Each structure stands twice: as structure tokens, then as C-alpha cells.
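Both complexes shown next keep chain A, but they swap its partner, so chain B is in the first and chain C is in the second.
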Partner chain A sequence: MSNPLADMEKPDVIFCIGTNMTEAHPVAATRLKKALARGAKMIVADPRRIRLAEMADLYLPIRVGSDTALLLGMAHVIVRERLADREFVATRTEGYDELVDHLQEKTPEWAESITGVPAAMIEEAAILYGSSDKAAIYYTLGITEHICGVENVQSLCNLALLTGNFGREGTGVNPMRGQNNIQGAGDSGALPNNYAGFQPVDDAANQAKFEKAYGRKVDLEKGITKVTALEQCGDGIFGMLIDGENTVVSDPDQEHCIHALKSLEHLVVIDIFLTETAELADVVLPAASWAETDGNFVNTERRIQRVRKAVEPAGEARPDWWIIGQIAQRMGMRGFDYDSAVPIFNELCELSPIYAGIDWDLAESGQYQWPIPYRGHPGTPRLHEDEFINGRGKFSFTDYRDPAETIDEDYPLWLTTGRRLESYHTRTQTGRSEGINDLLPEETLEVHPSDAARYGLHDGGWARMRSRRGAVDVRVQTTRRSPQGTVFASFSFADVPINVLTGSGYDPITHTAELKVCPVHVESIAEGGAVGAGASKVLVQNPPGDLVGEPR
Partner chain B sequence: MNATMSDTKTTRTICGYCGVGCSLDLMTRDNRIIAVHPAFDGPANQGALCVKGQFAYDYVHHPDRLTHPLVRDGEGRLQKASWDEALQRAAQGFMDVEQRHGRHAVYGVASGRTPSEANYMMQKFIRVGFGTNYIDNCSRA
Partner chain C sequence: MAAVQHVSIREFGWLCSPSLSGEVSQPQLQQIMASVNQSQQQPKITLDGEQMEFSPGETVYEVATRAGKTVPTLCYDPRLEAFGSCRLCVVEVAGQRTPVASCTTQAEDGMEVTTASAKVEGLRRTLLELVASENREVAVDALRGVASQELGTLVEQYDAGCGRFAGAQSGASRPDDPNPFILRDYDLCISCYRCVRVCAEQEGDYAISIANRGFATQITVEFGGHLQDSACTFCGQCVQTCPTGALADKKALRFAGDGTLNGGS
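The block that comes next holds the complex of A and B.
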């Protein structure tokens, strides 16, 4: 996030797009509710009439995958209505004149023709966002999990740059990160393009710096992404070490994913349960869980916080850092004989300019948000206050593209996927929590009543849903939360493996999969439960739901 | 850590679910979590927790937890193994792959769920071990 979580209580206008915050980030949503109680206005753009949409002053029901068009239409209106912040544009940005030219044709009527949102509502949203003093944008994977995820984010930045909504309280462009330490994973250098602290690997100075620290010269060329690595399994990639990811259930195109992992000569998985992914491994190593380990998590506002061991690890389980260090030492690597998490974190801080001002002991307080460039620096709750990292903020000349697959006669409905409040990701954890299972015992397909009637489905009955990659059987829930023509399911349940269906494409720059758009066909069936019916290989021997108690 | 009752321990930590990073106190007794209390001085949550953070902790003590290493045997089955045997097998496998296919044949996937120290070790393992940048985390899917 460009701004701290505390700023969520401060905007005059809140613009939420592609975020189901009350379910996926419920505690952050409580802070937005405080802003609303204070009188802030909220615009929500989402294909589904989610809870946040019900709370909004203005709800824009966009067609899945049409975000860029909506945002370009809004930018057109902001320019046309002279709502741009002239001083901010003049002193902090570049490319404004080209942007104005670029936006000529991107009228609200043009945006309506793509998004399905009436032009008058697009105008209203643009004027509301553009005329407020403090407007903040919040987004989640509904923006990034598209083939045009980068254009979506750039289009959001255009709006904030046009209106001067950066670097001040209650403003900004704020992605909500989904996992407890997904920010820390990037910070720590677990990326094919960056060393720790986002230092590019293709910079020779960085290569030299890390050669000195690590005693080994690392390629100047970027590595490949996980998406590409999975494509190359058995044809270039033959060994893989996976730590704490249930790739088989979370990734798109499950059949492809299982085939890829089975093509490896050597797969080692570190995890706390025998996940569907671990079941494919040659070696499975038991990790200490969240409550059993010391370390640091970095949250969505870049805050570094200590996680502390409260109980001893189950059985012989060991901390992930210890396990990885042991493998390394047995391969003859030097520099891996750490005796605790402390020197590891301190090494990360020493090598990362954004962490240069802290160490393990200073991180104890949980008060630091990076960048913390030197000792004594208080941290940076709000980015871009005086200038952008590269000096000026650059406008992007984005354009709308269709999703990788669009609906047709064979696959006439849009499927969009997401999260539910009571489950977390592939349920390896929440699926083993009794009370949570009472709240959410099974997956359902959310279908608008008129679509249900059209396709012969009924509430509580079963549907077989097919895409170009496979099929799953799922119980039907009729609801007006889904718009006509679009159905929704989460990917959380291994016995309703929605990611058998997804995998139509990914963003060419980030390689983030288009998990939010998948054309499907649905039909009524008498009795469901055939796992991945129609998909040739779905190997889910132990869905977590079967392990936690009697069937419901 | 403060003792609130003679046999109950309190540990301040951070929720392990989403990226908001709520502070909470884990109440433990006899090496088991017995309750989660939201932290009112938590900078991200100010005393709030969601249903997952408040209640979904019993997986930590679930009988399905992996409690020992597993190694695939000659018949393709995962069998219980000692740490020494499993680590040796893990290490040897990567060395064999590198010898057969070169150093760009090994890939690492780090976790968005583990602490930063684990992520740092994963990237260091790949970069020091193979001299490549064949490392990613699970943020793309």
C-alpha cells in the first residue's frame, strides 16, 4: 500500500475496485467502515454485488475483465470536467499532454459499451473521485489476476496522478496483500528479478555486491517466473524445492500443474500438512507452524512485525529456515549454519537498503514500515510524499483488451473466482478447524436466479461446470449477488477444484494468472460429488474436509 | 511474555492469515493454544480480529500435522524417515539433477505464509547453490 492502514479512516472518497474486502481483509474493512461512519463517500466497482457494494454510495456493476475500460472512461471525464490537479500534474508528473490525447476516444459511452455500466454512472464516479480533496483507491486480486493486470494498476495510478491523490493522508493507490507474509517474500528476494530489498539482479553493481556477500557469482540474467518454471517441468526444469505452497490446488489449470510436478525428477516439499502438492513429492519435510516459530512478517502496509513461538513444534517438525539450511549444508554450501532466525534477519537487513535502519532487536517494536534507509530513520508509513522513486510520476497510455477467453455458444457464462470469509486459500489450515467447518461446510456455485432458470439449475441442486480445460461438479446456490451471466465460486475446496477450469492466460509482464475470468458451460446433474468429473486427472485423495469430522 | 494464570502463558504475535497483520495474544497451556485474544494496541487491528484470526487456530494441533519426514520408497510410496536420511535424500537429489541437467534445472518456490527468514533462506539456497535467479514466491497465483 502507498499509505498506512490508519489512513483508511481518513479519505473523503473511497474507491474500491476488485476487492472483496469484508471477506478477504475483514479487519481492514472495519477501518473503512469508520470512514463511512464519519461521512466519507464510497464508490465500489465489482462484477458481483458483494457486501462492500451494498455499503457503497455508488456501485458500478462492471463486466468481469473490463476494469481498464472503466478507468479510462473515468480519466476521460476527470480531464473533460477540468478536475485534474493542475499543480500536482505540473510539478509531480510527466506525460499529461499525451495522456489527454490518448483519452480523447475513451468516452464514458465507449466505456459503457465494454463494461456494461451506464455512462452517467461512470461520469458520476469520476466526478465524485475527482472533486474530493482526499480520495483513496483500494484494490485486490480483482485488479491483478487478469491478462491486463499491469494495465489495470497503471490505469488506477493515472487517476491518482491526475487528481493529486498521492503522498497525503487518506489518499493513495493501495493494494491489499493477500497472505500474511507475501510482502515479506518479495522483500526477502524470493523473486526471479530482484535480490533482497528489490535490488535488480540485472544490475552489475548488485551482482558484485551479492557475490561479495554470498561468495558466489549469480547470473546477471533474470530468472524465470514460477509460471514459466511449471511450463518447463520435465523440459529444462527437473528439480524443485517448494516451501509452504499448495500449488496443485491454488494454481490455474490443475491438470497441467499435476502433470508438471510429476514430470520432475526430484521434488522436495516443506509443509505442515501432507497437502495435495506434498503427496507428489519425493521428499516431504515437516515444518514448524505459525505458532511454533520465531521470525518476522511484513504486512500489506509494509510494516515489519515479529511473529513469536508460543508452543513447541508438532513431533519432529522444524522451522523452515533450519530445514533449508540443512539441505544447503549437505550440498556443501557455506554460509548456511545459522543457529536461530536472528542472524538470518540481520543479514537480510544488512543487504537491503530498505531495511538498512533496523535489525532484529529494533524490529521487536513492530513500529517500522519500510523503507527505513538508515539507523535512526522512523520508517515510511506513507510513500511518495515529496517525490516518486523515479522522480516524476509517469502517466501510462493503457488500452482495453478482451480477456484471454471470452464467452461464446459453447461456454456462455463468465466464471469469476475468489475467496470467502470463513475459508483461507486451499483450506489446509481452516479446513482443519472444526468451528470454521461448521460455518462453511462446502463450496457452492453462486448463480443469478434467471440464469438458474435458463440452465435448468435449482438452489441446493447440483451443476456440472465445464471450461475448455476440465469440469467440476458443484452444489448450486441461487443469489442476486451474482449478476446475470456471471457465476462465482471460490477455489478453496479440494473436492470442488475450481482451478481445474481456470488457466486461460496470464499477464505477459507479471505472469499473474487470469484467475478472475473463465468462460464456462453449466448443466444440471442429478447427483454431484464426482471429483473433477470430466477432467482426466484430478488426484485429490484426502480433501481436508474429510479429515476433520463426520460428513455434513 | 506475562503469566496471566499460574499455568497459562501469553505470547504476543501476528495473525498468520491475510496480509493485514493483526496483532494478537496467544494463550497457551501445556504446550497447546487454548485461546486467541485480539491486541488492542495492535497497530493494524486496534483490537479487532476476524473469524479466522480469532478461532481458526486448532489446525496447529491437528492430528494430520506432519510430525516426521517422509521419503518415497522404491515402490513409489511415501515412508517415514529420519531427518538425517530425508535431508540427505533431498540434498543428493538436487546435486544429481544439477549434474545431469545443469544448474538451471533446479527451481525454488518460496512461501507467502512463512516468516521472512524462510524466504530469505530459500532465495539464498538457489542463488548460492546454483548461481541462478530461479526463485519465485507464490504471489502470481
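The block that comes next holds the complex of A and C.
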């Protein structure tokens, strides 16, 4: 996020697109609710009429995968209505004139023809966003999990650059990260193209720096992404270590994924539970959970927060850093003989300019948000205040592209996937948490009543849903939360493996899968459970004498 | 409709009377702003004989707490708008005929405040006796929630048994609510509304509300139903702010000493 979470309470206008934050980020979303209670206006663009849409002053019901068209249309209106921030554009950006040329044809009427959102509403949204003093953009995976994820983000940045909504309280372009420490994972170099601290691996100075630090040769090439790695399983890649990810349930095209993992000669999985992925492994190494280990998490606002061990790890479980260190040492690698999380974090700080100002002891306070470039620096809650990292903000000349697959006679409905409040990700933890299963016992397919009628589905009945990759059986819930022509399900339940269907395409730059768009066919069936690739099982049995007592 | 612009008391209400319920109108606001502009110096109050500077907008309670005074409260939660219902935070203000609730009284320059005179301590004890009158004298398991010991601790501190006013009982518990997370033991409820307020002000969920008035007051969801059928998301904020343990963490209570869900009460 460019701005701190506290800023969520400050904007005059909030533009949420591709985020279901009241379900996926419910704690952070309380700040947004406070902003609305204070009188802030909210624009929500989402294919589904989610709770956020109900709370919005202006709801734009876009067709899945059409975000770039909407954003280009809004940019067109901002330029046309002379709402661009002239001073900001002149002093902080480059490429404005080219952008204006590029936007000539991107009229709201053009955007309407692609998004399905009436041109007048696109104009209203652009004018509302463009004419406020403090306007902030919030987005989540509804923007990035497309073949055009990068263009979507660039199109959002265009809006903020045009209107000068960077570097001030209550503004910015703010992606809500999906996991507690996904930011920290990237910070510490768990990316194929960067060393720790986002230092590119193909930069000669960085290579020299890390060779010196590690006392050995380092790889000079960019690594490969997970998508590429799965493609090469059994054909170049024969061993794999998966740490803390339930790839089989969370990744697209489940059948392909299972086949890839089974093609390996050796699969090692490190996790706190025996997940569907761990079940495919040759060796499973039990990891300590968040309550059983010391370390730091880095959250969505780049805040470094200490994690403190509260209880001893169960059984033979060990912290991830210990397990990886032991494997490395037994492979004969030097430099992995850490005795705690402390020297590991300090190494990260020493080698990463964005962490240079702190160490383990200073991080204890939880007050730092990186970049913290030197000792005594207070941290940077708000990015881009005086200048952008590369000096000036560059406008991007994005264009709309169709999703990898579009609806046709055989697959006439759009499926979009997402999360639900009650279950987290693939339910590795929430699926084992007493009580949560009572709130949300099973997955359902959300279908508009008229679509249900058209395809012979019934509320509470079962549907077989097919894509070009597979089929799953799922119980039907008729609801106007889904628009006509689009159905929704979460990917959380291993016994309704929605990701059997997805995986039509990937963003060419980030290799992020187009999990938000998948044309499907649905038909009514008598009873579910027959179809579903691979790991289909119920995770939790309520233990005897559980708290619920009375059956509902 | 747009003729009168309303403003939050938190922002501009520091010169208003404590009885004002939360909003000031435009003319009042102009008056307030004018008097604020008159004195640019850091204002002070006298607190138990000592001078304390304060920032405009601070309440007497906030200044007193900052000064290290222990002023008892039950309906107060620093995250919430001051409510002024329990009256335990009463203090004496020179020139005022009756003690005032410090949580809803804005500090004013020159104000002389006494936080713990024999008179207010006596009032607090009587108030606690009234509050405790319908509560059984029971030990409330600390596992119910982080704030669950607040009432019990004060009752003990002020030696305020429930005997003098004991008798009728308000609030009906909902042992029938089958949700797996929150125990609704309203026999212990003192109608401080912290749960209702935290749900609205902090979570923005407005899942629970107050039905009926006076002794018939009941914390409830729509149609007197179960939490699961309401807008409740089981975030647990209400449990953690409840000062009596009337709302309790069912999962934590599994570890309660006597092994029953009502452990201790």
C-alpha cells in the first residue's frame, strides 16, 4: 500500500475496485466503514453486488475482466473535464501528452460497450474521483488475478497520477495484501527476480554484494515463477520443496497441478497440517505455527511486527527457518547455521537498503514501516511524498484485452472466484477451527435467480459446473448478489475444488493466473459429490462434545 | 434539511454542556469557534489542587487519567464515544451544584475539579450498589473476556454488596443461542451498551441493539433471534469490551475450572 492503514479513515472519496474487503480484509475494512460514517463518498466497481457495493454511493457493476476499459474511460473523462491536477502532472509525472493522445478514443461510451456499465455512471465516477481533494484507491486480487493484471494496476496508477492523489494523507493506490506476511515474504527475497529488499538478481552490483555477503557464487539468472516450475515438473525439474502453501487447492487448473507434482521424483512439503498438497509429498516436515515461533511479519502497510512464541511447538514441529537451515547444511551449504530468528532478521536488515535503519531489537516496537534507509530514520508510512522511486511517475498507455477465454455457446456463463468471510484461503487452519464450520459448513455456487431458471437450477439443489479443464459438483444458492450471466464460488473448500475449472491464462509479466475469470457451463444434477479431481474430502469432523451442542 | 449542519461532538463539543447528546448546530458552532479563537494559550484545569494543561477537546476524565488519577468507570471504553450512562466517573467541579460525569464533561480553562472527595466516593458506592443489585454475587471467570472483571473488581473495591437494593432482575439470558463463539449470559448485563456501541462504532456492523427501556432493557438482535441470523460476524469485540462477563468467549471457557460453559456464575 502506498499509504498507511490509518489513512483509510481519511479520504473524501474512496474508490474500491476488485476488492471484497468486508469479507477478505474485515479488520482493515472497519477503517473504511469509519470513513463512510464520517461522510466520505465511496465508488465500488465489482461484478458482484457485495456488501461493499451495498454501502457505496455509486456502484459500477462491471463485467468480469473489463477493469482496464472502465479505468481508461474514467481517465478520458478526467482529462475531458479538466480535472487533472496540472501542477502535479507538470512536476511529478511524465508522458501526459502521450496519455491524452492515447485516451482520445477511450470514451465512456467505448468503455460502456465493454464493461456494461452505463457511460453516465462512468462519467459520474470519474468526476467524483477526479474532483475531490483526497481520493484513495483500494484494490485486491480482483485487479491482479487477470491476464491483464499489470495493465489493470497501471491504469489505476494513471488515475492517481492524473489527479495528484499520491503522497498525501487519505490518497494513494493501495493494494490490500492477502496474507499476514506475504509482504514480508517478498521483502526477504522469496521472489524469482529479486534478492532480499527487492534488489534485482540480474544487477551486477547486487550480484557482487551478495557474493561477498554469502562468501560464495550466487545464481546470476532470474529464477522461474511457480507457474513455469509446475510446467517443468518431470521435465527438467525432479525435486521440489513447498513451504507453507496448499498449492493443490489454491492454484489454478488443479488436475494439471496434481499431475505436475506427481511427476516429480521427490516432493518435500513443510506445513503445520497435513494439507492436500502435503498428502502428495514423499516427505512432510512439520512446521511450528505462528504461536510457536519467534520472528517478524510484515503486513500490507509495510509495517514490521514482531511475532512472539507463546507456546512450545507440538511434537516434532520446528520453525521453518530451522528446517530450511538443516536441509541446507545437510546439502553441504555454508551460512545456514543460525541459532535463532534474530541473526536471520539482522542479515536481512544489513543487506536490504529498505531495512537498513533497523535491526531485531528496534523492530520490537512495531512502529516501523519500510523504507527505513538509515539509523534514526522514523520509517515511511506514506510512500511517494516528495518523489517517486524513479523520480517521476510514468503514465502507462494501457489497452483493453479480452480475458484468455470468453463465454460462448458451450460455456455461456462467467465464473468468478474469491473468498468468504468465514473461511480463510484453503481452510488449512479455519477448516480445523471449531465453530467456523458451523458458520459456513459448505461451499455454494451463487447464481442469479434468472440464470438458475434458465439452466434448470434450484436454490439448495446441485449443479455440475464444467470448464474447458474439468468439472465440479456444487450446491446452488440463488442470489441477486451475482449479476445475470456471472456465477461465483470461493476456492476454499477442498471438497468443492473450484480450481479444477480455472487456469485459462496468466499475466505474461507476473505469471499471476486469471483466477477471476473462467467461462463455465452449468447443469442441474440430482446429488453432488461424484465429480471433482483429486483431493476431495472433508477436512474436519466436529469432535465429540463440541461447543455447539444442539444441532441447528 | 440542509439548513442546519451537524458536527460531531468529538470535534467541536468541548464547550458544550454535558447534557448535549452529541451534536451541535451551526450557530452554536460559530459561538464555540469564536470563544476558542479568543484564548490561544494552552488552557489549564486544577485537578485535586494541581494545575494540568489540556488540549481543547479533552474531557475531564481524559485529563484526570493522563494525570494518573484513578477514576472508576463501567460504560467507558477509550475507543468509543463517551456515553455517560454509568455515572461512576462523577467528579466535583467548583461552582457546579451537583457532581458531573467526567467522561462527557469537556475540560474548560480554569475549571477546578476534585476527583475523589468523600462525597463522590459515597455516590460511587451507592451507584455500584444499584448496578450490582440485580447481579448475583458470583465470581466471574476471567476467561470470559479481558474486561470481564471490571464490575467485580469495583464492587469489591467499594465494598458494594447487592443486598440493599436486591430484588428484581432485568435482562434475560439466551442459553438457547447455538452459536459456537459467544455466550449471551444477560443475567450479568448492566446495560452499559459497550457491546452495542463497539459493534456500531468500531466494527460498523450494527448487529446488536437495545430493545425496550428502563428495567425492561434487553440487548438483542432483530426479532429477538440468534446471533447467527443477524449481521453479527463473530468478531468478538463485544465480548472483549463487556465489563461483567455477560458476553463471554465460549471457546475460552472450555478451559474454565469447573468445565461448564457458565463456569463461575
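Here, the second predicted complex is superposed on the first by the 531 of 552 C-alpha atoms of A that agree within 3 Å, B and C clash if a C-alpha of one lies under 4 Å from a C-alpha of the other, contacts with A are read in each partner's own complex, and residues count from 1 in each chain.
The definition used in the following text is that a residue touches a chain if its C-beta (ideal position, glycine included) is under 8 Å from a C-beta of that chain, and two chains touch if they have at least 3 such contacts.
This one's a predicted model, so the numbers in the text were calculated from it and none came from an experiment.
Once the two complexes are laid over each other on the shared chain, residue contacts for A:Ala135 go to neither chain B nor chain C.
In the overlay built on the shared chain, the residue A:Leu159 is in contact with neither chain B nor chain C. When the two structures are aligned on the shared chain, A:Val500 is found in touch with neither chain B nor chain C.
Within the superposed three-chain model, A:Leu241 lies in touch with chain B and out of touch with chain C [touch as defined at top]. By the touch criterion defined above, A:Ala37 reaches chain C but does not reach chain B. Looking at the shared chain after the overlay, A:Arg432 reaches chain B, while chain C stays out of its contact range. Touch criterion not met for A:Ala126: it reaches neither chain B nor chain C. Of the two partner chains placed by the overlay, only chain B lies in contact with A:Ala190; chain C stays clear of it. By the document's definition of touching, neither partner reaches A:Ile78: not chain B, not chain C.
Of the two partners, chain B and chain C, it is B that touches more residues of chain A. Chain A residues 26-27, 30, 421, 434-436, 439, 547-548 lie at the interface with chain B in one structure and with chain C in the other.
Within the complex, the chain A residues that touch chain C are 26-27, 29-30, 33-34, 36-37, 421, 434-436, 438-439, 546-550, 552. Chain B meets chain A in the complex at residues 9, 11-23, 26, 28, 31-33, 43-45, 48-53, 55-62, 64-72, 78, 83, 86-98, 100-101, 104-129, 131-141. Looking at the complex, you find that chain C touches chain A at residues 176, 178-181, 202-204, 228, 233-235, 250-251, 254, 261.
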